[in-house]
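In what follows, chain A forms one complex with chain B and a second complex with chain C.
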Partner chain A sequence: MAIKRGVSLYSYQQEQFFGRMTWKDMFREVKEDLHCDGIEIIDEATIHGYPFLSEQFVFDWHNELARYGLKAVTMDVYLDPMQFRDHVMNHDEAAERLKNDIVIASRLGFSNVRCLCLVPIDVIEKALPTAEKYNVRIGKEIHMPFPINAGHRRTSYDGPGSIPVNVNMCTEIMELADRTGSKHVGLVPDMGIFQDRPSQVRIDYELRHAKNPESIYFIIDNRTKMDPNELYAKYRERYAPDILDPMTLNSLAMTDSCADPEELREVVPYIVSIHGKFYNMTEIEGEPGHYEDKAIDYRRPFEVLKEEGYEGYIDSEFEGQRDQQDRGEEYLVDEVEQVRRHHEMMTRLIGK
Partner chain B sequence: MAQFQSYNKLLISAEEGIENYGLNGKILGWQFRCQYPSYRGTYLSCIHSMEVYLDGERVPDGDILFYLNGKEFLLSEFPDLYKEYWFILDKAVVRVQKDGGLPAGSSHRLLVKMKHLIPYTGYFGNYLVLDGSNEKMLTVAEKEEAVL
Partner chain C sequence: MFDQYMVRKDSLENVTEGGRTTGFRMGVRIADYRGCFLPLHNGYYLEVDGVFYPREQQKFAINGKAPRSFAEISKAVWEHWDFDAEGMLYVEKEGGLAPGEHVVRIQQSVLASYGYMPMQEEWVKNPPVPGGGAGSGKTHVVCEYHLMLKEEN
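Now for the complex of A and B:
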């Protein structure tokens, strides 16, 4: 047994949107080119009729899985607190939505649902009996800038306007699993937590749009030289009012990764699956045919996962297309090729 | 943040362009088709506004009928449509009620602007609202009556 490879069909979002690939074409690519079997989807991006499931779709889905011998690994579910325009969704309503998504996942044969970092722990606990009943694990995503370990040093601006980070998120999930003895709640680490520098496609995007490109270079040049909050204050002082919002700033200004690979060890028993996040796969200098994402460390986390005996799935999640969608269609990145490169890297890192 | 600019071009579907629609030989108005510009769909309740301009002039919201999931809606109903999901690959039909429609073969500048909130955001009481727009020069199709 070894780490297993899969693909989140989110990676091919442009291909889908512009009508060049259907989910069935993606299945074929996963099997016949990438030679792996893990499938991950965003429920509402693939399931026509969501939040209702038609018998036709269920039949079609299982038929295609069987045709290529694929495995439905994780279904990414959202929580939309602002879905209702007259009130913010309360926790009971949120749990009902999650339960409905769990039932959908079960009917499609998924082992897991992934919920977002910001889903409150009591919402997950309310939905846990449903997860048990339908045998679907709830995995909470550990997404940058959320740390694995509450004590991890601050690596991005955390003042007003940034995402409110619950540093105890992973601890809360592990405590819930331990307290209830349930195997149906766990974590979905996103490899983006090992991103330790801004991606080149992200930088290029901001340079194309900045009123004052010097302000972008100021961030890049100083991100490792000062505390993120200090950097933001200085940046604002120098360049306001033409400044980036705090969340965009954080995509350029992380001083380091928000988690260390070593910290994975304590959460491995709770991992339901992993998001293989990447932005830009480029050829490694001097190694033709070998690829890497220069912004995200994959090597050390893979070593830790192998040492700890992780045998679950890592599903490619390509997200670099978004930073290349501001120009003509001729500049759109080739998502299929990017995912193929990512699998070259993962295959190599998994080894024998 | 990068905001799906490339997707906005599908706010107006070039494939069908502008067509007249009607019933029993009487033209009741004109229509175009429209896709939601993101990587996942949306509940219609999350669309804050949709503005349609023809040749620089705003089409009154009350003249617009929005067809999706086999149903007909007014734009003013959107806030209540929190169970009506717009799948990313489905084209909605936007109909503008206008007796006689537009002259077949005539060219028009059509502009669509949409403000839509991203409902899973909600940091410190703020949420992300994306602003999309698309403009196209289109020729009204020659055929007499379009159907949904």
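Now for the complex of A and C:
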């Protein structure tokens, strides 16, 4: 047994947007070119008529899985507390959405649902009996800037306007699993937690749109020299009012990953599946046909996962397209090629 | 996201009702990687040839229904805007737009999120006004298009 490869159809969002690939075309690519069998979806991207399922879609879905011998690994589910607009959902309402998503995942044959960092732990606990009943595991995503370990040094601006980060999130999930004895709650690490520098496609996008490009260079040049909060304060002082929001700033200012690969060891028993996040696969200098994402460390986390005996799925999650959609069609990135390169890398790192 | 593709480039046309031209419309997609519950769609910052058209002059047609104001859209809590579906943005303007090319500057507001965020209680009372970046979903810039008005049949 070894680490298994899969693809989140999120990776082909641009192809879907332009109507060039349907989910069935993506299935074929996964099987016939990438030679793997794991499928992950975004519920609100793939399921027509969400949050309701049609009998025809369910039959069609299972038929296509059978056609290509694929496995429905993880369905990514969301929480929009503003849905009702006249109030912010309470936690019971949030749990109702999650329960409905679990039932949908079960009917489509998924083993897991991925829920987001900002979903409160008690919402997950409220939905846990449903997860048990339908035999679907809830995996809480560990997404940048959330750390694995609460003691990890701060790596991004965390003042007003930033995402409220619960640094104890992973511990709380592991405690919930241990306290309830449930195998139906765990974690979905996103490889973006091992990103230690801004991706070039991200930098280029902001350079094209900044009123004062010097302000972008200020962030890039000073990101390793200042604490993130100090950097944001100085940036604001110099360039307001034409400044980036804090979350966009964080995507440019990163200088250190929000987790160390070694920290994966303690969470491996709780991993439901993994997001293979990447932005830009380029050929490794001097190694024709071998690819890497220069912004994200894959090598050391893969070593740790192998040493710890992780045998679950890592599903490609390509995210670089969004930074290349502000110009003509000739600048759009080839998602299919990017995912193929990512699988070259994963296959090589998994090894024999 | 989809900065240059959110508006369908061959879709800008005048709207005529009962022989009178009352405005214009254009086809739009959600500038995200997922659809959204419809009430989360909070309108547009819209400027055409330097003229600003506030949300109160905008309507949105989706899911086979007649154009609705964004106040009405905010109450459609069990409808969903699917990722693949094109909606039609209607804008009131007596007499419509002149023939030829128009410069459209646009920002879409979608109040989708990844869970609880501090500003949400405030947004229930005072939804963000599109254009400032707050509530702009996945595209924080104002996107500019040069569109030819479709000729009337």
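FYI, the second predicted complex is superposed on the first by the 352 of 352 C-alpha atoms of A that agree within 3 Å, B and C clash if a C-alpha of one lies under 4 Å from a C-alpha of the other, contacts with A are read in each partner's own complex, and residues count from 1 in each chain.
To be clear about the criterion, a residue touches a chain if its C-beta (ideal position, glycine included) is under 8 Å from a C-beta of that chain, and two chains touch if they have at least 3 such contacts.
None of the values given here were measured: they were computed from a predicted structure.
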Superposition on chain A - do chain B and chain C clash or fit: clash
Which of chain B and chain C A:I42 touches, first, second, both or neither: both
Which superposed partner A:I219 touches (first chain B, second chain C, both, neither): neither
First (chain B), second (chain C), both or neither touched by A:H87: second
Which of chain B and chain C A:P51 touches, first, second, both or neither: both
Partner chain(s) touched by A:S251 [first = chain B, second = chain C, both, neither]: first
First, second, both or neither for A:P164, with chain B first and chain C second: both
Which superposed partner A:C117 touches (first chain B, second chain C, both, neither): second
Touched partner set for A:Q325, first chain B, second chain C, both or neither: both
Shared contact residues on chain A - chain B and chain C: 10, 13, 16-17, 19, 42, 44-45, 48-51, 78-86, 88, 116, 118, 163-164, 245, 248, 322, 325-327
For the chain B and chain A complex, residues of the former touching the latter: 1-2, 4-7, 10, 35, 39-41, 43, 45-46, 79-80, 82-83, 85, 87-90, 117, 119-124, 127
Residues of chain A defined as touching chain C within the complex: 10, 13, 16-19, 42-45, 48-51, 78-88, 116-120, 163-164, 209, 244-245, 248, 322, 325-328
In the complex with chain B, residue positions of chain A that touch it: 10, 13-14, 16-17, 19, 42, 44-45, 48-51, 78-86, 88, 116, 118, 160-164, 205, 245, 247-248, 251, 322-323, 325-327, 329, 332
Contact footprint of chain A on chain C as seen in their complex: 1-5, 29, 33-37, 39-40, 74-75, 77, 80, 82-84, 111-118, 120-121, 123-124, 127, 133, 138, 140-141, 143
